[in-house]
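Next up: the structures, one after another.
Next come two complexes built around chain A: one with chain B, the other with chain C.
And now, the complex of A and B:
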């Protein structure tokens, strides 16, 4: 459609970058926040502000927890509706129990999967889960939303659009477009190396915007490429569901062969059997890891075919000091505690896969890298945001002359996805501290505050960008930035007033999860304040100009 | 002049939409075929299914990116469609041969 390769790449970069950028910036921003999801959870759940805990005793503490999870979660029951023709089953038989923890988790997530007896697809199952205090086994209130790991993190990869996994597909398409935007961006800019060192804040706004766009794009280019690519690999099974469709016959055969080779039964026997001491199996697994020169904690514990003679227990080592999330699995017969199998070392392909996805998810301990991820993600946001601004600055005079609304619409959408996202995020944190502790559906209220404030800032953005159609700068930018500054200051103050954990106290106690979030909020407030101050100038210049004209 | 402008504009639009569709949908079908054939073929040669799956998925998105870019860069859009649809269908059929459907 264009004469040269560069022209076609410019078209691809401009238009895909623009349209997909509104999604990408959300994915980047909440991805950056997800790097500290556990810490955001602690900020939002004052009752869980204690030190990370190891996997607790199964026999004394976990088993009663699993046994009290007798039904799928309410949203899982909703999901089951789409799996069956006709009425929902009366009872959901328990299939397996599992628990996962990392070196940053004071609380423990416990899961039970249930069979859906009359499901169209016999492989379908649904989950029930409880978050517990691993010191006591007490369940944390279901209305106590883990804002970091249960809201911001899934928003990062699914946009919370669960219907038909639509959100995953949108994010996947955005990630592919991101890769294409990076490649086409490199093609457009021939002087890549020079752009690493080019930033001329004294130049006119359009030039500065482009400098910053190129700088943040090029500096973090390997980072952006890596995260978009590995994000796609992580959800490859959703994007190319060959195993569930075309290749399903091969999978069935493979699973039977694998069960025979490993001695780990694929199906229950249908005969009830007791469960031996899992704590004894855990001790044995720890001894075996120590014998390999790699002690460590249990990261993932899995009881398959619960209560059945074919049941087995799998114990995986936490990947605190490894890239992989968990590893070195050891499997025991559930009824006797006899060793069935130790997983062999990973193959080359599996190691590459674990390395790529593990590096994206970063459940291992490396705080410097964690901060690099945060700033890499924010650099991605700056890159996309300046892309929007460049689009608007380049076209708004022309669009004003032609009477076209294009630049205004892009400006409004940019405001809604830049300052609007910040407002929604900060409002949610403020609501988290203001809503009464025992409010029914407290989690739902927090979610609603997020979506409604986002919607409101979008409406405000469209309303207060009308002057862009006359070639002026929109006042919505400054107004929303002031709100960001105010909310980011309010949140840590509310944290202090409602929990007593003010910054001096948390810093003195070296309690970084909450101190870090408070510091970041205050830094956001100061930055937004400075930006709002600076945004006064163009408006002043404009009034002076108008005065001179008259 | 009016009539020529009216015919030129929709044609450009159609070509652009066709290119986007070729990149997104044609590319998807092509990669589906590649993934299915790689897994089924390697599994048939004796490689473990999960290993073949992982290898195919590591390649899938890099190949998707290449054909995606190519769909926009290529001079002849017809060729892009033929390669992506034809190649995708052929590889999907090849995978089906190994599945034994």
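And now, the complex of A and C:
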């Protein structure tokens, strides 16, 4: 079928790239937003606009919080229904308590795991969860959606398709295909070194889109490769669930052996026991970290077998100065506070794994690297977007002559995934500021606005691309770009009107989470406005769009 | 501060490597041909700048983080460089002032 290796690679790159590109651009875009998920949360939740807090006192503040979480969350109870045959249990016994925080979190997430006594799989458990103000212990409104970390971030890896974990599989397949697209892209790029820095905006638009596609693909190639790969590593447990299937007995045996080796009990003893002062254990852990020359912020606190004689407390250091998320765990006996064990330095394999996952999940304290990741993610979006444009430009005339709708369909899908995604995202932020504060199901309303505006932009894209079939440029591009500009300007204005935190105030107070989001929105508005202005000249439409995107 | 310097070094390094290529050299010096010796000199100085940029990154952060910062810094520098070469190649002229013989 194909004469040469390069031709078959071109075929692979074109068609795989096209099909998975529509998924990947969504993954890249919301991945880029997730780099600043905590900041988007602050923008969307004005009540949480205060400075990040360290892990609060366990004895005085956290313990009462955990003790008031007496049952699983409503959606966790739904999940439990699928774990049992017959009726749901009357009562869910508490298994463990945990709290996780990073240097960017003013609020603290607290979790309680509950056993499901009559579950088919005895390892199954469900969670109860509260987000609290760590200064007072007060629970923050449960219906308040954290748009960044609870909506955009999961969208990035699961597309919010929870059924049968379908979204994870689609994203995983896209990531795997992306690795193939990267390799085939390098193979078909004739002059990868000679044209490394080449961008020729004055040439015809097909050349310009290809230049920009190559440029954003090649300069950020290590980023693209590493993020597709580490994304797969993070969810390897879903894609290769061997530890839950064939190797289950082995994993059980390993856990027992590990418990014996580390002295951390695998199972509860069944004898009740009190809990000693955890604050004393935390200060001891800090001393031990300091002795190793490491800063002592607590990132993750874990109390296992709550109220049992076999209970223990694990304290992990926040990985702010390393790529790994948390580490240097120190474990104490819950009833006495006696040291059980300090985790030894990681084995080579464990530290490689932690590096790979930490690299992707980025909870470290390094603002420059955070912005560099944002650049990488947006470069990926431009690379995919220009790939679509190139596909359309190359075939538009031919398809118009043959009366084929191919180029039009691709153009419409490109509009829906490029400007459409922006419109849905911005509409959600606008809805977040407009919906009444005490509206029931306020979180559901925000989600619905997102999905419905996305759908609407898709319909509009299909409607307003009909001229592509005559070889013309679609008016939908310009119309949606104008809407993006308008929405991106509306959002910061609404933020000002509803919270009083206008840009001058946040900048003066050095409150960067909200100031940064507002600045970003304004920059988006200006860029979209300029693009829309340039798109008035139909002959230059695609060229300038591509150029402006840069 | 050190990281800004690292950024600068990575940009200058890549720019010199780019200008050691015939195509980009001609964007700045249409009249003067690029000699083999100049190209080699540009490559050596450029590579040294890139290496210094890595060293600066390593001086600030743990090696695991520094390597990521350096690679991503290179990506941004390469992108900015391509944009400059496309729209404002003249701005790179100071980087070549010392090669005038």
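In this text, the second predicted complex is superposed on the first by the 537 of 550 C-alpha atoms of A that agree within 3 Å, B and C clash if a C-alpha of one lies under 4 Å from a C-alpha of the other, contacts with A are read in each partner's own complex, and residues count from 1 in each chain.
One rule holds in what follows: contacts are C-beta pairs under 8 Å (C-beta built on N, C-alpha and C of every residue); 3 or more make two chains touch, one makes a residue touch a chain.
Computed from a prediction, not measured in an experiment: that's the story for all the values here.
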Inset, instruction - Put chain B and chain C onto chain A via the superposition and say whether they clash or fit. - result: fit
Inset, instruction - Would you sort A:254 into first (chain B), second (chain C), both or neither based on which partner it touches? - result: first
Inset, instruction - Quick one: classify A:350 as touching chain B (first), chain C (second), both or neither. - result: first
Inset, instruction - In the overlay, answer first, second, both or neither for which of chain B and chain C A:179 touches. - result: first
Inset, instruction - Tell me which partner A:452 touches in the superposition: chain B (first), chain C (second), both or neither. - result: neither
Inset, instruction - State whether A:216 touches chain B only (first), chain C only (second), both chains, or neither. - result: second
Inset, instruction - Identify the partner contact of A:376: answer first if only chain B is touched, second if only chain C is, both if each is, neither if none is. - result: second
Legend entry - Which superposed partner A:246 touches (first chain B, second chain C, both, neither): first
Inset, instruction - In the overlay, answer first, second, both or neither for which of chain B and chain C A:8 touches. - result: first
Legend entry - First (chain B), second (chain C), both or neither touched by A:233: first
Inset, instruction - Pick out the closest CA atoms of chain B and chain C after fitting on chain A and give their distance in Å. - result: 17
Legend entry - Common interface positions of chain A, toward chain B and toward chain C: none
Inset, instruction - Would you pull the chain A residues touching chain C in the complex into a rising list? - result: 194, 196-201, 215-216, 219-220, 222-223, 321-324, 355, 359, 364, 366, 368-369, 372-373, 375-376, 379, 550
Inset, instruction - Using the touch rule from the top, collect the residues of chain A that touch chain B in their complex. - result: 1, 5, 8-9, 11-12, 173, 176, 179-180, 183-184, 229, 232-233, 236-237, 239-240, 242-243, 246-247, 249-251, 254, 347, 349-350, 352-353, 356
Legend entry - Residues of chain C touching chain A in the complex: 3, 14, 18, 21, 23-24, 61-62, 64-65, 68-69, 71-76, 78-79, 81-83, 85-87
Legend entry - Parts of chain B lying in touch with chain A, wherever the complex brings them together: 12, 15-16, 19, 24, 31-32, 35-36, 39-40, 43, 48-51, 53-55, 57-58, 60-62, 64-65, 68-69, 72-73, 77, 92, 95-96, 98-101
